[in-house]
Amino acid sequence: MSDKATFEFLCRMGDNTLVLGHRVSEWCGVAPVLEEDIALANTALDLIGQTQMWLGLAGEIEGRGRTADDLAMTRDAWDFRNVLLAEQPNGDFGQTMMRQFLFDAWHLAMLQALTRSCDTRVAEIAAKAVKEVRYHVERSGDTVIGLGDGTEESHRRMQAALDLLWPYVGEMFIPDAVDDAMAEAGIAPDLTELRAGFDSHVGSVMEAATLTIPDTDFAHKGGKSGFRHSEHLGHMLTQMQWLQRAYPGASW
Amino acid sequence: MSDKATFEFLCRMGDNTLVLGHRVSEWCGVAPVLEEDIALANTALDLIGQTQMWLGLAGEIEGRGRTADDLAMTRDAWDFRNVLLAEQPNGDFGQTMMRQFLFDAWHLAMLQALTRSCDTRVAEIAAKAVKEVRYHVERSGDTVIGLGDGTEESHRRMQAALDLLWPYVGEMFIPDAVDDAMAEAGIAPDLTELRAGFDSHVGSVMEAATLTIPDTDFAHKGGKSGFRHSEHLGHMLTQMQWLQRAYPGASW
Amino acid sequence: EPQERAFQERINAGEKIEPKDWMPAGYRKNLIRQIGQHAHSEIVGQLPEGNWITRAPTLERKAILLAKVQDEAGHGLYLYCAAETLGVSRDELTEDLLSGKMKYSSIFNYPTLTWADMGAVGWLVDGAAIMNQVPLQRTSYGPYARAMVRICKEESFHQRQGYDIMMKMAQGTPAQKRMAQDALNRFWYPSLMMFGPSDADSVHSAQSMAWKIKMNTNDELRQKFVDQTVPQAEYLGLTVPDETLEWNDDKGGYDFAEPDWSEFFDVIKGNGPCNVERLAARNKAWDDGKWVREGLLAHAEKRASKKVAAE
Amino acid sequence: EPQERAFQERINAGEKIEPKDWMPAGYRKNLIRQIGQHAHSEIVGQLPEGNWITRAPTLERKAILLAKVQDEAGHGLYLYCAAETLGVSRDELTEDLLSGKMKYSSIFNYPTLTWADMGAVGWLVDGAAIMNQVPLQRTSYGPYARAMVRICKEESFHQRQGYDIMMKMAQGTPAQKRMAQDALNRFWYPSLMMFGPSDADSVHSAQSMAWKIKMNTNDELRQKFVDQTVPQAEYLGLTVPDETLEWNDDKGGYDFAEPDWSEFFDVIKGNGPCNVERLAARNKAWDDGKWVREGLLAHAEKRASKKVAAE
């Protein structure tokens, strides 16, 4: 098991939280209701905090002196390793919450497994993060249920969001060489083994939300491998990295 | 008359066309009708071409070896000297065309006067640009008329666009120390003398468009002096300058 | 009117007025206006800072800014709750904000243009806000006073964070120093305006002070702010953009230039650099969120009726 | 049917069919489908390049890209006009695009992710398009053939510009070289797919070739494209992402790996990386533009009726 694979794996964890945290932070000040402004800021805050831990460890393991900030602020899109789901645009509030719930449900299962990682640093980060994410998924699940089983319009919008985002679920569970190496080394779980729990969790929330999971297992891929992100990530980075790019070497 | 004032003046001319050209180029591929896609691309193209000339001359006069690209791609917002009107967001198509017409009408008057500049380099650029801009203003004016005097909805939208943008007209005509120095040196006209022609031109188009010019002469300022741009410019630059910032020193 | 006299005596004695107590209509009306404007300011105040959240230069700075904006939304919530005890709902107040009938602090009609503005907003804008708010912890209306206690604690934290950003910038590269100075240049006078015009020109002042919903004159607070802020600017190595600024030994404070009050009244009238955008952003958020609020309400009603049916 | 036989003989003799000539229903239908898809491809093809116009690295590059996208809109216009001569309006074709009933080239369902993609699109995508289009200048339907003459001239210009971008990148910094190679890696197989599956699997091929609305087999054109492109890649110092690629002396061309046709059929079904976004962008443009089209039409009618009244 090479450090390179571990580095890749940690970038996946950290880029997921970085990119999704950024997306959520785009809602600042314009949520549908004040309580949501607060809750979304809180979620973004947790995700950015987790990013600091994952990318910090990634930089340490890489051993080239790169900090979490270096990794976040100076890699171009092709070096990002987040799943495609995380970088999808916010759309309306329903689409944002559907994206959040689908990610949270995977994230919770993943972090729970990672608390049993044979790498204690990984296990410790997971143990901290899992407490926050347990709360995230409860909230996003409740919102999906509330809006799915709300008015005709809210139901329609939530079904559209589910239809749009479902093809991005598969990537989170389809292992590649990095995932295989992690599983073999006991650092991370076998992703395929997380799927049944996810399906039953998501299935029951969607049932309560009166929403229908699309009958397709087509999966967009290319985010976590970095081979082919969507066009959205590059635009996000123009903002996220602006200051560090424009004023390199400054300290903030 | 110092070179510094001339440099400032040339940046104003070039930043106007750069920033407005960028805004117009944002329409690429999503205009309301194919002919407009073509026309908007054409306008953007002309404006970018004029930018190359104005900023090229600015860099020459500055004498620090900066090219038009250096000026466009590596100054931060506060060093931009475009009027606030140029950086306002596209809004709907009507807002874009109203912004275009108000700018074009000023631009034409300005360029016509600049063809008589005592600085032959300025006069030559103006002579080239004025031909393009004569066509721009004809087109944008026709569109303002067509939409103002179209349906109830198109009329309402055009009136809203005019109300929104009118407070950005004043800045183009209120001279400051740079403008005074230019006028005194015979490089550029006295801006206040352009206003009557503008008012009669715009007035007759608005009349044909059945639109009412707001009864206020309040003028937002701070763009051409650089003291206080709007929040929009900084966001535009994150995109416009991304590649040059991320890969400094590369040649493209 | 003996009721009014008794009310004024309670206030003079330093008693707190509570929601169920009798109060003059004018007291209620003035409080609703003042608390509502303050709540709206917290809400609209999210926007200029939100403008830089997606461009924060480090993960740490992004987290701090997110936490700050989250606090502001929380302050809005406390204040709307305090206003609700006076018989006006959050939705009513929101509609009045969105229609332009109610105001918010005019400072938020200025744009945030560089990262140093995040420092200047914390240092100067929150600094001026605290100057206004600290005395309001002793205001006569109980729910308002208690809300201010919570708010002031967090605000002074925000102010320190803002000053910390300015410090980093002022000690940074030449470009960062220039950003810091530029931010001070743009925010100095708007911050002075936050205390309002001289009390001589202020309509509501005398009665509000008698009712203890205003504790100091605008000019007192402005002077205090200048006296506190000038040494901080000096410590940062920045220049306050006022050539007339000078220490006055006699009054034990600084002499300083008045802001351009015509600009202030322009901003109040809706002609500030960002008035239109700020209101448009809040209106869009409210309109876009309608289906969400309705959806969640419909779901809550379904659940409630199911629960009743099951009982 | 003697009419059909006479028609086929005209085609065999190299005559052009013109709009008012008799033609078989199938010929008309196939042409509308083919020209319409081609027109739609020009329109949708603006989007992946539009994605980089606002991030073009220099003013010159921005101008070139703008001019290119403008040309593409122009090509769309020529082609819709050619289709209109067959009795179908531009709006009808547009509605069929927007509803998903008609297709556009599947290549535009791939994202453009770095500036090198602007090079790759010009070099590979326009290169493949030209390979398809050059023979169509000799197609049997007059208006279509004439549109293709104008289009081909501009396309080959675009292809050279694309290759020029690739050259700059390949000769540039290590990061630029990496961008160029990455773009080739992502666009190679999708470009090969542009010629469609092997003709053995293609439904329309035999009849279309007899009617001369298709001039070569898909496999012929693909081979020709590979043979032309591989040396260009070598000249750039880039590696074609196909380990099996090898010169075959016997056939006087390269042996190369087939693209993953299951991916191709996924994209056709709507599961490409950007299908949903591309159609959503066009639908939004069309819906948002409704008031504009209606407004301009209403104005034109008012003017026309005023003119009539004045006569």
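For reference, chains read A, B, C and D in written order, and residue numbers begin at 1 within each chain.
Here, contacts are C-beta pairs under 8 Å (C-beta built on N, C-alpha and C of every residue); 3 or more make two chains touch, one makes a residue touch a chain.
These numbers were taken from a predicted model, which means no experiment stands behind them.
Q: What is the set of chains touching both chain B and chain C?
A: Expected: A.
Q: Based on the averaged CA atom positions, which chain is farthest from chain B?
A: A
Q: Could you grab the centroid distance between chain A and chain B? Build each centroid from C-alpha atoms only and quote it in angstrom.
A: 42
Q: For chain C and chain D, let me know how many angstrom lie between their CA-based centres, rounded off.
A: Those two chain centres are 56 Å apart.
Q: Using the average of all C-alpha atoms in each chain as its centre, how far is it in Å between chain A and chain C?
A: Centre separation, chain A to chain C: 35 Å.
Q: Where does chain D touch two or more other chains at once, residue-wise?
A: Touching at least two other chains: 55, 175.
Q: Would you pick out the residues of chain A that each touch at least 2 other chains?
A: In chain A, residues 76, 238-239, 242 touch at least two other chains, as defined above.
Q: Based on which chains touch which, is the overall arrangement a line, ring, star, complete graph, or other?
A: The chain contacts form none of line, ring, star or complete graph.
Q: Among all the chains shown, which pairs meet the touch rule set out at the top?
A: A-B, A-C, A-D, B-C, B-D
Q: Any idea which chain D residues touch chain A in the complex?
A: So the residues of chain D touching chain A come out as 48, 51, 55, 110-114, 175, 182, 186, 266, 271, 273-274, 276-277.
Q: Give the list of chain D residues in touch with chain B in this complex.
A: Against chain B, chain D makes touches at 43, 46-47, 49-50, 53-63, 66-67, 69-70, 73-74, 76-77, 80, 90, 115, 165, 168-169, 172-173, 175-176, 281-282, 284-286, 288-300, 302.
Q: Over in the complex, which chain A residues touch chain B? Could you list them?
A: 76, 235, 238-239, 241-242, 245-246, 248
Q: Flag every residue of chain B that touches chain D in the complex, lowest number first.
A: Residues 18, 22, 25-26, 28-38, 41-42, 44-45, 48-49, 51-52, 55, 68-69, 72-73, 92-94, 143, 145-147, 149-151, 153-155, 157, 239-240, 242-244, 247, 249-252 of chain B touch chain D in their complex.
Q: Which stretch or stretches of chain A touch chain D in the complex?
A: 76-78, 164, 167, 218, 220, 222, 227-231, 234, 238
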